[in-house]
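Take a look at the structure set out below.
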Amino acid sequence: MELGIIGLGKMGGNMAERLRVGGHKVVGFDFNADTVKKLTDAGSVGVNSLEDLVKNLAAPRAIWIMVPAGDPVDETIAKLKPFMQKGDTFIDGGNSNYKDSQRRYAELKPEGFNFVDVGTSGGVWGLAEGYSMMIGGDKEPVERLRPIFETLAPGKEQGWGHVGPAGAGHFVKMVHNGIEYGMMQAYAEGFSIMGHKTQMNLDLAQIAEIWRYGSVVRSWLLDLTADALQKNPKLEGLEAYVSDSGEGRWTVFEAIDLNVSAPVITESLIRRIRSREDNNFTDRMLAIMRNAFGGHAVKKD
Amino acid sequence: MELGIIGLGKMGGNMAERLRVGGHKVVGFDFNADTVKKLTDAGSVGVNSLEDLVKNLAAPRAIWIMVPAGDPVDETIAKLKPFMQKGDTFIDGGNSNYKDSQRRYAELKPEGFNFVDVGTSGGVWGLAEGYSMMIGGDKEPVERLRPIFETLAPGKEQGWGHVGPAGAGHFVKMVHNGIEYGMMQAYAEGFSIMGHKTQMNLDLAQIAEIWRYGSVVRSWLLDLTADALQKNPKLEGLEAYVSDSGEGRWTVFEAIDLNVSAPVITESLIRRIRSREDNNFTDRMLAIMRNAFGGHAVKKD
Amino acid sequence: MELGIIGLGKMGGNMAERLRVGGHKVVGFDFNADTVKKLTDAGSVGVNSLEDLVKNLAAPRAIWIMVPAGDPVDETIAKLKPFMQKGDTFIDGGNSNYKDSQRRYAELKPEGFNFVDVGTSGGVWGLAEGYSMMIGGDKEPVERLRPIFETLAPGKEQGWGHVGPAGAGHFVKMVHNGIEYGMMQAYAEGFSIMGHKTQMNLDLAQIAEIWRYGSVVRSWLLDLTADALQKNPKLEGLEAYVSDSGEGRWTVFEAIDLNVSAPVITESLIRRIRSREDNNFTDRMLAIMRNAFGGHAVKKD
Amino acid sequence: MELGIIGLGKMGGNMAERLRVGGHKVVGFDFNADTVKKLTDAGSVGVNSLEDLVKNLAAPRAIWIMVPAGDPVDETIAKLKPFMQKGDTFIDGGNSNYKDSQRRYAELKPEGFNFVDVGTSGGVWGLAEGYSMMIGGDKEPVERLRPIFETLAPGKEQGWGHVGPAGAGHFVKMVHNGIEYGMMQAYAEGFSIMGHKTQMNLDLAQIAEIWRYGSVVRSWLLDLTADALQKNPKLEGLEAYVSDSGEGRWTVFEAIDLNVSAPVITESLIRRIRSREDNNFTDRMLAIMRNAFGGHAVKKD
């Protein structure tokens, strides 16, 4: 079928290609002319304006928005809307906050538009292995888009599903990322413990490779970790600095709002924040308190 | 090749069977006559005493001890030793503390015996899928046992390895379980958050199934969780009570001893402990403190 | 000087009394006629309407609002405003979110009104010992109210201060409560550990009393705890159920928004949430996962 | 009464002086001749050998050992014992592990000696304000030493007590320090949050001073913190590096062994460990995992 895609970056570009290979007509727009050309060169339809994007699609249209979460999504919808018709569908496939998706649905629905939110996982591996998609929205547009999801997914009936009303797709993706934080932290702590057992001289890459088969902790993340450790066994040359992209903290906020205790996901976020704190004030205060009550020496800076 | 096995329970019995199918001669002993008979019926050699076990194996012998960690291992070695000869090998395949394995090696080595510790993962799935094995000890006996490991493992060159000196096998298995605690807690928290988002009426079994393909959190644990949720979507009929079997707390102790901060593995252990605290004293004290300074009501028991 | 007070409950009523004893004229209103009568009986001016409240005060007026945080504060301001004049001051002495205080200031200032936010600590002990007050707002009204603060505080120059612009008072009070959560949890855990060391048969009330003098952990909270333990050494008859009143979770949200890692305050909140989770889903999921991979028994409900 | 003291450092020296002022005869030994001379100059009896120490005391003797925890205590007892008589008392006033104290009692008791363990808190402030003492051991020697405790304590009946059998003194002191870790971390996090709210430009020293009176978080630790912040408002010139001295980790181990969940005390220890981890391996592994699955950039070292 036909699909418009706005945003042809790392994610959007690969999705367009997977769809094209799967036999769909993709019309793509991006502010970056190079990525548009790349799309055209690959055999899809690259356009240079939102108006052209819409014109190249037959109603009822479906346009997949793959831009950074937040204002860019609202701005894209606002610019796109004048060219769209009742019955057309906006798809937000980015990492939006689910509350924004609920709001966007509530705004677009009364105007006759469909809004579908797709929490998309798969990263740089999606082109080859398919994307995991958690979908929120009304049944009708989701069903209409089934051929798209079946092609993007790892398998026709695998790795995607309509999980609930508008917002549910991004909600489930948010929690997915919260779990991801916890799993990553668990692995990283374990490997760190083993790396510090210097008298055993353990080979972390070997251990990761062993665990990939038959162990309880085998996973795709472990597969990637084993590969990374083989290439760089001591993880040299990189800073101990970990970013977070929003979903982790949203998960923490949501857990608290729902009165669900989620200490491990929360602690995983806190540790990422900690990785970015230089000259930590909290620790300096602890040092000075110890000095104040016990006369314990402090380290001078 | 030949292998003696002591302890033919859930783990030992299945390992004996996997070895037999793989073409090895297994001689097995257990205090439970039924499991010995079962072994014999399956085509292996069941015996009724440790002396007979040793007699049925040609030197240099290798005997795999699969009994509960702690004193039972020491007692088994002590009873077995009089029948063994220099050059024979004791294998501890249970969940022993790695410090015990280091001690046992140090005791047996001067007497001319080999000691090999094998951290074994795989649980009830090992018979069909193979066991993940992390092996510690001297090179010579580990190499000699290669045919055994190749058969027990998921693949000839997969899922097993000689990771370091005596104790290293159990050390790595210990950390494996620590990571396992963290991963489990991360999943469980995430599903709990989704389950409490009642207005979205999310189907946890469906979501687990979706995530199995293409998502970042896909893993073997998730495969099992998806299956469990499909059979019992609300996890009804079971208590919120979680045991721990030692490796988790040993991992926490080790991290502290090595001065490695491991908050997520630690918190995962603490939450299991918390699950077993009825009428929590800490919480009652918090309630009474709030009452004392703020006049806040307490709930009567 | 003169002060109007709206809300004559546990906190507001005691503050009115402390002010009266300190020589101020207090005009008080409450929806509960009994508390108004009690105020009048004590020698202050009780009134039955907001209009009367304002009429009994000379301009420039100052009215201390001591009602539950959230909508009640906005509603009170809205109802009161028609009777107020430019230059009059609204004081919010409750546990409002500091962002609401910033908003209220921004709404009232252009209309010519002053808004002062006072984070107030002291609970049921304030009448006798004085209230700790952290004050946000413009300098002029705060200085004008100095006699009020000097009387309410534990000492003329003690236990109160103008800490910053509008919102800063409630912000500092919010963090105060976050710290309070952490301290309470630390004490409660420590006493719980001692209580579980049954072979030593420790007397928790005695230990709390010992620590009150000379120890590093001496504090007012410990004084109260010692008293509570003396009255009820085993903390019998109350449920292990701990409420939280908002400031704790706001502190956690704020720490994350500011990218400050605050694991102990956060964990203290999470443990309160945990105290209210019956039949914990997370723990049930852990139990069923252990069963799924290892065949470990689950406890039936 | 008479008391021997071994170890005249920061703690032991001040305790000797407080006892002398209180009218007791103190006989003191230290390997450092200067501190012995200082003791003599102050009017107590300084000696240069353990033999002389014992000779200068009348039976039944009591000797307070104030040396670093661990081997030094055992060595001191071993060297001292030949000069001691049945009925004499060894007092360990240092920060020993309570299990060592239980062992020492069990060794000394059958030989006719008394052993009393005194968990001592007070740090550099003890000389002026008195020491908090938690005492374990048999009733008879503890009662005999009452005049010593009454003098060292903040008040005759305040700040000290016989809390249980041998080991109980150090056990309670251990938990005291665990609580101390949690309280310190709670304060430090709170002040850190406030310090990062830069748009409010909060004065942390002022806030600490305000909280000292009437607030729920008032404490001796806060008094010291307010003083430290006044002298160094930004905590400049010191490293974010926090030591721990043993009791914190023992408390964590004990909590786990007793199956008491103590997340805040535990997390406080973990954060101290974290403060000493340079180029954190865990965080580098998280960074490389994010890169591996999502193509997220890593910071180069």
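We call the chains A, B, C and D, going by the order they appear; numbering starts again at 1 in every chain.
Note that in this section a contact is a pair of C-beta atoms (placed from the backbone, for glycine too) under 8 Å apart; a residue touches a chain by one contact, two chains touch by 3 or more.
These numbers were taken from a predicted model, which means no experiment stands behind them.
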item	value
Mutual neighbours - chains that touch chain A and chain B alike	C, D
Chain whose mean Cα position lies farthest from chain D	A
Same-residue or different-residue interface between chain B and chain D, half as cut-off	same
Distance between chain centroids, defined by C-alpha means - chain A, chain D (Å)	49
Centre-of-Cα separation between chain D and chain B, whole angstrom	39
Separation of chain C from chain D, taking each centre as the mean of its C-alpha atoms, in whole Å	34
Overlap residues in chain A, where contacts from two or more other chains coincide	123, 185, 187, 189, 192, 196, 216, 220-221, 259-263, 267, 270-271, 274, 282, 293-294
Chain B-facing residues of chain C, complex	10, 123-125, 184-185, 187-189, 191-192, 195-196, 220-221, 224-225, 227-228, 232, 235-243, 263, 271-272, 274-275, 279-296, 298-301
Residue numbers on chain B that touch chain D, as the complex places them	216, 249, 252-253, 256, 259-263, 266-267, 269-271, 273-274, 276-277, 282, 293-294
Contacting residues of chain D [partner chain C, same complex]	121-123, 126, 129-134, 153-155, 158-161, 163-165, 167-168, 171-172, 175-183, 185-187, 189-190, 192-194, 196-197, 200-203, 206-207, 209-222, 251, 254-255, 258-265, 267-268, 270-271
